[in-house]
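For reference, chains read A, B, C, D, E and F in written order, and residue numbers begin at 1 within each chain.
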Amino acid sequence: MMERRNLVYVTRRERFNAAHKLWNANWTDEKNAEVFGKCANPNWHGHNYEVFVTVKGVPDKDTGYCVDLKQLSRLIENKVIQHLDHKNINLDVEFMQGKMASSEMLVIAIWDQLEMEIRALGVDLHAVKLYETENNIAEYFGE
Amino acid sequence: MMERRNLVYVTRRERFNAAHKLWNANWTDEKNAEVFGKCANPNWHGHNYEVFVTVKGVPDKDTGYCVDLKQLSRLIENKVIQHLDHKNINLDVEFMQGKMASSEMLVIAIWDQLEMEIRALGVDLHAVKLYETENNIAEYFGE
Amino acid sequence: MMERRNLVYVTRRERFNAAHKLWNANWTDEKNAEVFGKCANPNWHGHNYEVFVTVKGVPDKDTGYCVDLKQLSRLIENKVIQHLDHKNINLDVEFMQGKMASSEMLVIAIWDQLEMEIRALGVDLHAVKLYETENNIAEYFGE
Amino acid sequence: MMERRNLVYVTRRERFNAAHKLWNANWTDEKNAEVFGKCANPNWHGHNYEVFVTVKGVPDKDTGYCVDLKQLSRLIENKVIQHLDHKNINLDVEFMQGKMASSEMLVIAIWDQLEMEIRALGVDLHAVKLYETENNIAEYFGE
Amino acid sequence: MMERRNLVYVTRRERFNAAHKLWNANWTDEKNAEVFGKCANPNWHGHNYEVFVTVKGVPDKDTGYCVDLKQLSRLIENKVIQHLDHKNINLDVEFMQGKMASSEMLVIAIWDQLEMEIRALGVDLHAVKLYETENNIAEYFGE
Amino acid sequence: MMERRNLVYVTRRERFNAAHKLWNANWTDEKNAEVFGKCANPNWHGHNYEVFVTVKGVPDKDTGYCVDLKQLSRLIENKVIQHLDHKNINLDVEFMQGKMASSEMLVIAIWDQLEMEIRALGVDLHAVKLYETENNIAEYFGE
């Protein structure tokens, strides 16, 4: 029987409300409209994004914690939410410059904002899951 | 005992994703920032809005319906959702021109878009309820 | 200032999974299909119904209860859920015989199943709210 | 036609996690167990409570607000959440002393904590709705 | 360090309302009732099913998309939802013929309806997750 | 092409309402307050916990089931819910004695309560996922 390490996955949900549009600056307006449809509305649209950040680690005997969720929440707030909440993803967010403002590109960028800092808390980042709407979800595991 | 009319309240949920900002054009940038905080971000932010439209009426004996919800849904789509979904509420929405883009002003404007048309379906509009986020809700009863 | 009676509204959620179709036996198949669309599928379809039963009363000083929710839940189970859960609303449910199997007719019938029995618990039935789907809701207040 | 005042109902959701038990100190242990069942567990149990505070008012022309929801949220935080969150409702909460720790008594007490302070914000408290679980809800309108 | 491919998992939620029963035609009525309990109600029952289809792929530089979710949604609509929505799973659904109408058999059948067509969109099907109720869920990964 | 075993993952949700505190008996009150903040409230606080138990197996040809969910639900009820529901996790729960009452320790303990018994039902336990709040989640896969 394999020895058990008691590896637990812990998830923290945070939320941000942002504007964006799907728009490729190298394309004509017509091509943007054709490819992205209503998501290319020139004057933007927006979402209530929900982000679920999952880390993995072995709970500490003294605290019962893999990581203090108050600390993890503060880290996500500082590195992710402050940059995105009540912002325009295309215009206002430094770590999204030069990238399409899609959920796919967002989960990768959020991963990169968090990976090293989460390691410094003594756990590993496992997944970033982003709900753009109740129907559309993107998830990234660092692969 | 009061005679019963079998008055039933029927609600249809619809959704739209829009950008907006809280911004009073008669004020300085500083006053807008002071009053509205992050909601006044110049480059907009946005939400997944959920709207619950409630009508009241007596169910028809032959159909069991107060109103055909497919018809009601189509009406809300035509008069409300098409104008708001993937739009900028401040810039793109004719029926919000000259009004603050708050949830309060939105529920009143949605009511005005629907009231007469719903009467033409044979029921009365009872309430428009709008979720801006899971924490912030506005509701209007035509009072 | 009006004297306060401390009237509190208490709601219990219950659920049932049932089959139904919208079908008027006095009509031809064609007319049923035309009026009810896919809801008239001859071989039925179904839903996870959620019912919210709201009663009103003044909390008892000794218990802090308007009504014991365990009792209320048992009553709804006996008078409503047992008759509807894992049943065909058109074929299996005595109190729906001769009625259209719409949400509107269901909320009225559920009200009639509960009104007197709830009074016997010392509170008044205030509302029956039924979610057929996350988008379609009917509510009845005994009017 | 009645003149319209544009009265809008605005709701803010807040949450608190608390321990409690249903226990009448004037009764024997046996009677408490008999009446309240598992809710009378001597060592307490607990809930994630969700509270929806609804106020009503006419939106201000300059802000589009009935009330600044940041202010309303801060008020609920100060007068309600700080007293209840991560507390024992029976032991730790001054405004629940001498009362049963039921949802019914809680909504009335939360109303009394908020009514006057909300009036000072220029709107009227309309309702306090409390979810103890997804199945059990209490609501108070000041009646 | 392993080179990163930026593999993102994208999920689309769709819904269908269907009737079914758990019924093995090779068994007596008694055995069906004994094994499946109320799920074997002869006149059917039904559910609001929610299906989450997850695909994986590398986002395109020009669009930021793994796959156009409008295209994915249309595909699920054509190959799955149209066949199941407002239908009887036992009687009306060609791809469920000769199979038990359980959630387990449904997720495998939905996988088979989608796998090749999704590959033609340039991504791989990763998972099909089906909520029969809020309490009962089945998921298939093609293993 | 790899031969397919039709391995399906089936999940059952159950709920329990419990009191707890984060408290290390080897530490001073001050250190507990410093490390755990409001979670160390001496008089406890509590939560509505939701637990999702996922098993994996190959559906039986005759039933279409990996496992009878009624049986799985009864097992979780007997081995987990009865011990935790309306209890104090620190004081009342035998299988949590000598452990911190954190979500991380709970998911491991729930796994240990279920693993062997679930194997006896003919399927393998795959995951235990626990929602302490809508924002804080722990998951264990037996690693």
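Simple rule for what comes next: a contact is a pair of C-beta atoms (placed from the backbone, for glycine too) under 8 Å apart; a residue touches a chain by one contact, two chains touch by 3 or more.
For clarity, every value in this text was computed on a predicted model and none was experimentally measured.
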Going from subunit B to subunit F via touching chains takes a minimum number of steps equal to 2
Chains adjacent to subunit B and to subunit C under the stated definition are D
So which chain is the furthest away from subunit B, centre to centre on CA atoms?
F
Furthest chain, CA centroid comparison against subunit C
A
I want to confirm something about subunit E and subunit F. Since they are copies of the same sequence, is their interface symmetric in residue numbering (over half shared, so same) or not (under half, so different)?
different
At what distance in angstrom does the C-alpha mean of subunit F lie from that of subunit C?
33
As a quick test, compute the distance in whole Å between the mean CA positions of subunit D and subunit E.
41
Dist(centroid_CA(subunit A), centroid_CA(subunit E)) in Å evaluates to 27
Mark out which residues of subunit A touch at least two other chains, giving numbers and ranges.
134
What are the touching chain pairs in this one?
A-B, A-E, A-F, B-C, B-D, C-D, C-E, D-F, E-F
Using the touch definition from the top, list the residues of subunit C that touch subunit E in their complex.
15, 17-20, 38-39, 41, 43-48, 85-88, 91-92, 133-134
Touching residues on subunit C, where the partner in the complex is subunit D:
4-14, 52, 54, 59, 61-66, 69-70, 73
Subunit B contact footprint on subunit C (complex, rising order)
22, 24, 26-27, 35-37, 99-105, 107-108, 134-143
